[in-house]
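One chain, subunit A, appears in both complexes that follow, with subunit B as partner in the first and subunit C in the second.
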Partner chain A sequence: MMKALHIAIKDLRIRIRDRNTLVLMLLLPIGLTAIIGFAFGGDSGISSIGVALVGPEDGDLLTNAAAGLLSQVELFDAEVTTEDEAREAVASGRKSAAIVLPEGLIDAVLEGAPAEIAVLQDPASGIKARIVETMVERFATSASAGGIVGRAIFDAVEAERPITEAERWQLTGWMFQWMYETWSEPAIAIEEAEAETRDVDVHSYFAPSFAVLFLLFTMLASAKTIHEERESGTYGRLMASPVGRSTFIAGKLMGSYALAAVQVLLLIVLGSLLFGIDWGSHPVAVIVMALVTAAGAASLAIVIASVARTARQTDNVGTAFILMMSLLGGSMWPIEQAPASFQNVARFTFNYWAHSGFKKLVFYDAGLAGISQEILIILAMSIVFFGASVLLLSRRQVLT
Partner chain B sequence: MRGEPIIEVDGLVKRYGQLVAVDAVSFVVNEGEIFGLLGPNGAGKTTTISVLSCLTPPTAGTAKIAGLDVTRNSLAARSKIGVVPQEIALYPTLTARDNLVFWGRMYGVPERTLAERIDELLSVVQLAERAGGRIDTFSGGMKRRINIAAGLIHRPDVLFLDEPTVGIDPQTRRSILDLVKDLNASGLTVLYTTHYLEEAEFLCDRVGIMDEGKMLAIGTRAELTTSIGATTSIDVRADGLDDSIVDWLSSLEQVTDVARDGDDLTINTTAEANLLPVIVERLAAGGAKVHSVDVKVPNLESVFLHLTGKSLRDEGDQDAAATKTNALHG
Partner chain C sequence: MKKILVIIAHNLRLIAADRSTLFWLLAMPIAFTFVLGLAFSGGGGGGGSTDPVRYGLTVANLDRGPQGEALLAAIEAAGKIDLLPIDGADAGDTALELVQKGDRSAALVIPPDYSERLARRERVTLTFHRNPERMNPYVTRQAIDEVLTRLRAEGTAGIGARTAYAELRGEPPPELAERLSSRASAYVAENWDPPSVTVAAERLGRTAGSDVPSMGFNHSSPAMALMYVLLNGLMMSIALVDERRERTLARLFTTPVARSSIIVANLGWRFVIGMLQMWILIAFGGLALGVDWGDSPVGLVLVTVTYVAAVAGLSVLLGSISRSSRQAQSAALVLSLTMCALGGLWWPLEITPKLYQAAGHAVPTGWAMDAMHNLVSRGYSLAGVAPQALVLALFAIGFTVAATLTFRHE
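So, the complex of A and B:
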């Protein structure tokens, strides 16, 4: 066991003295987070979200009411336009999203008929568009609820006597007021809805994503040394010394894991220092999440190395695999925008669960209980991957 | 032969699929010897060493280090041997000292003696002042010397050196050969593989000649040359030679052949060392005036040629030439 530890320490020493490792471990993820931050909003988070509002031809009243509602929320900068203008504004990135209200929306609401509010999104302004979408979803929910209440009132009154036109408008006005109030200040706040109002800033979103992505790359470089040692003859020399193969494997796993843990924890600390990321109020949960993420990445990279036959192959196969998984799992873009079917596939990736855990910490201020699903899933993945790599490395003739 | 047998190889076979890399090889190395495995590329030298260092199991046959079977008692056997692989098996980005510390720990050298041991080894390989330098900043010869030091860190009983002088300049080669001799003089048993005849002749007490996986012959240089009937030829140029001296030489038991051509005399003999003074003395007594004496001792090259019908030297020279060309172009 001591010898395995010495192998791990030797690996760490080599890694830490290697400038490339430091670039890969810290500089690249931090640099990319900074660049993305510049590109999409900077340090102050999201200050204003440009929204184009498109109303139905017959519904100026409704459209103006909606614009009024939106403008009461400081975050939104709403402008009423035609549909064509709205599309163009979104496509060119001038507006983050456009809300298109359909014909006969009020009647539909009052009559309980299906209606669809479309949200056009600028794919590049991910989070902002996502916020607009969430707002509209919640509005639709309140509106549906309001519709039900309104219909009940109409039905109750009409059972006694016919409703006058004036009364109708008055009731409708009350209803809208009520909808707006439930929408802007829900009486029953679910935790998620409340968390939505935490600072959604670009750095907090992307820093963990890039951390996970580059964690995988660091781990690949680390796992690759299994082959490099074999190819350079140091593995042979180890096997000619009184060191068992299992000691070697244990040393490699420990070295990789330690490096991963150091990297994630450093990136978390640097994220706070450099970008002011607030990792939430549960430090233990953050540390557990970091350590579990490190295990997932280390084990995944070692599995890749133990399937590959050479250092080169580990690099090629591993890089392709990591990029694919990161695209799929959302290390490179906000996959919250993707359709549900895509997200279901994403659930099979390590990245997805790692992001999910960090997002809950940062945006929902989750504690250990809140991220228990993520922790358990990543832990299970790590155990399977570590187990598989130990089996592969000791059974297969990878190490001969 | 000096001490007890320390390496015993018996009927060793190693197959890689169809290829028989080592084919029923047997030999014994005694304590305190430098034993050479001489053979061309692909002869099976490295494979033999790999089996002896417990890196790969033999297909058949046995190998023992200090009485410990390399397959059944692998861990114990491994701590008896120091291995210096053909390639530089070191961590290039670590310093010389850090490499030695690591290998010391792998051999279980106690921490309290490790630093001292390393200082001692660094001065043996004459790199004490470069201890803090990274291996990748070292010259080829320096790397080789640290590579050797790493094999000595645990004070092994036997040292395996696999072609430690390939691709380095003559001066460094010389310093490595001297180092091996010194280590041997201090009691270390050495198993040394090479395809350079001169090295085997200069260094080894006994040599095993290998080709295509087979051990063709084993012995001291003298034993090997005599075994193939090779003789030393002595060329003498002198004034005042006559046929009586030819008759006298022909009558000597160790002399196999004598020929005279004017002032030139050629003698073939199985024993060079004791015969030469006798001849010179006899010539002087007979009034002849000796101008020059040239002794051509049979070497391992002739043995190899005799055994395989191939020349080992050509290959070596090509290697040297290739190295030179590379140096020019590199």
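So, the complex of A and C:
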């Protein structure tokens, strides 16, 4: 046991003294979390959306009203222009979209005649152009609904007794005011209650994701040393001493696990200090989750090294496997946005469960009971990986 | 020149003989492109599913009357979201708990007096619980709003007809009031479709009529090609460190081969590998995933040549200044992942703040991705990508000069 512990401590010392390991362990996950925070967090948010507005000929009143409406949306940077200029600006990407108001838009609203608002979209803009389209669609729906309600009111009142011209004017004036007031307080309202999850930001989402991703890379580099020691001859020298193969494997596993635990715990502390991540009010649950995740990552990396025959193969196969699993498991992007079938596949990855556990701690302040499923699944994975690696290392005679 | 070609050919032979390197160069980027394209399927190139993602909405219908059921039936009939009903007296609390625990993204609670209040033509309020962590609730809320707009219009017309009559001719007796309301509501229901004001979205450029280009293979294919050429290119800096460590570079310097030839050869084989990888990935995107790479093959060649030249220059520079292969590996990872994130290879730059966009254009990836958008989405010709190609060429020259100055065999 003491010999295995010596091997583990020696490995841990070597890894921690290696600046390149520190880059992989800490600098990359923290750096990428900071970049994501820069891209999506903070107060600056999405940059403004350039919108060109084209009004109908002789429709200055309508155009000015539409420009006024657009200027009230803080996100939009609207500019009134001609259709040709708008097309050129949108096609070249200088504007994300252009709104072209048709002739007879007011008649369409008042009398129900058809009118079509064109939204020209920058072909390279997948998101901003879509935001403009959605806003215009909402406006069109409201305008159509307002128009039909007005006509329904006239129809019902007129059905009881014909309306004189003077009454028509009186009713029209009243209705504009009434509709304006009523539309802001609709007959069926929706009260939106944001569920009381905790106040979290983009760092809180991605810091655990990147921690899991780079934990796997660190573990792979650590597991690779099994082959490196054999290739450099240090394993042979070790075997000449009174150290058995099982002691060597145990030492390697312990060293990897200790390094993994140090990395996860350090990333948790640095996440709090650098990004203000609140890991919840259950420190014991956080520590247990960290230690279980470390066990899962360490055993997974060892099993990869056991399958490979050389250090280089471990690097290549392992990196490919880790990247693919991280992509499928949601360590590189928010998997909640993927189709359900994709998410079902994700459940077969270590990353999914590790990320799910940390997310429950950060977003929902879960305790040990709340993350029990994740802990059990990762522990089960660890046992399977560990068993497989011991079996492979001894049977396949990787260490000969 | 012949000596340069011999060194390049030798290195290419070494790469071709290594199956694991071939796996890295081709299999990984192809697999990533495919998985990402599927994950964000919904348009933007052939191959991906065009079915929109359907999100689930948890519903707790506490209504004692028939209107709650009618509302849910209308939402379901719209066909945009799947309803996940919860039954029981405490369904409202259960729905809230599910959203709060993160098991569900959003929940709609219909109050017990929903039908009664609608019958009395009184204002009624539904509750929508939203998990702030997820994007799905924005979609589900929009689907509910679309159905509610019609119901609201029917209700508003009913109230409006009564109120308008009172405005013109005094308060109507109850029977007349009911008749006015019913007629106005029925008018809305009968004439709702088609809406008078509609919206026609027209996507300009060569992808006219196609779906959102930032999703699907049209984004993932160029982005993954650029990313893996960069990642593999910079990882090849390790070869230079290894050659120095194993003294093969020093031995080469004792032969009658000029220093400049060795540098050019090192740039050359990296450039050839990068171009082969890039164009195999472009061909795969076009043939297997249906990505349309634009109308200007010459423009695409120019962009790929300048980008790969920049990557080759940076690779030799990195190999020259790294002291060990581990150091080169770490630096390659840090540089390539950072440049991918900044340059818009992982998410579109358009949704990031202006300062981030400026940072994205301080690295080659930002310019290369702009050029790809200009070719693939906007259908620009050679002249349209000339500015980006020029900047990429400047990056290539800068990296190559720095690599030449720092190149050493000891």
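Just so it is clear, the second predicted complex is superposed on the first by the 244 of 400 C-alpha atoms of A that agree within 3 Å, B and C clash if a C-alpha of one lies under 4 Å from a C-alpha of the other, contacts with A are read in each partner's own complex, and residues count from 1 in each chain.
The rule is short, and it goes like this: a contact is a pair of C-beta atoms (placed from the backbone, for glycine too) under 8 Å apart; a residue touches a chain by one contact, two chains touch by 3 or more.
Note that the coordinates shown come from a computational prediction; the quantities given were computed from them, not determined experimentally.
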- Task: Based on the superposed arrangement, let me know which partner A:165 touches: subunit B (first), subunit C (second), both, or neither?
- Result: neither
- Which partner does A:238 contact after superposing on A: first (subunit B), second (subunit C), both, neither? first
- Message: By the touch definition at the top of the document, which applies to A:6: first (subunit B), second (subunit C), both, or neither?
- Response: first
- Query: Who wins on subunit A residues touched, subunit B or subunit C?
  - Reply: C
- Query: When the two structures are overlaid on chain A, which partner does A:121 contact: first (subunit B), second (subunit C), both, or neither?
  - Reply: second
- Check the residue A:14 against both partner chains and state whether it touches subunit B (first), subunit C (second), both, or neither. first
- Task: Jot down the residues of subunit A that show up as touching in both complexes, subunit B in one and subunit C in the other.
- Result: 18
- Of subunit A, residues touching subunit B in the complex: 2-3, 6-7, 10, 13-14, 17-18, 232-234, 236-244, 400
- Footprint of subunit C on subunit A - complex, ascending: 18-20, 23-24, 27-28, 31-32, 35-36, 38-40, 42, 44-47, 87, 90-93, 96, 105, 108-109, 112-130, 133-134, 136-137, 140-145, 147-149, 151-153, 155-157, 159-161, 163, 167, 170-171, 174-175, 178-179, 182-183, 185-197, 200, 205, 312-313, 316-317, 320, 323-324, 327-328, 332-334, 336-339, 342, 359-360, 363-364, 366, 370
- Note on the structure: Within the complex, subunit A is touched by subunit B residues 50, 53-56, 75-76, 78-79, 81, 83, 85-91, 93-94, 98, 102-103, 105-108, 150, 154
- Residues of subunit C touching subunit A in their complex? 20-21, 23-24, 27-28, 31-32, 35-36, 38-39, 41, 44, 53, 96, 99-102, 105, 118, 121, 123-136, 141-142, 144-146, 148-153, 155-157, 159-161, 163-165, 167-169, 176, 179-181, 183-185, 187-188, 191-192, 194-208, 212-215, 219, 324, 326-327, 329-330, 333-334, 337-338, 341-342, 346-348, 350-357, 359, 373-374, 377-379
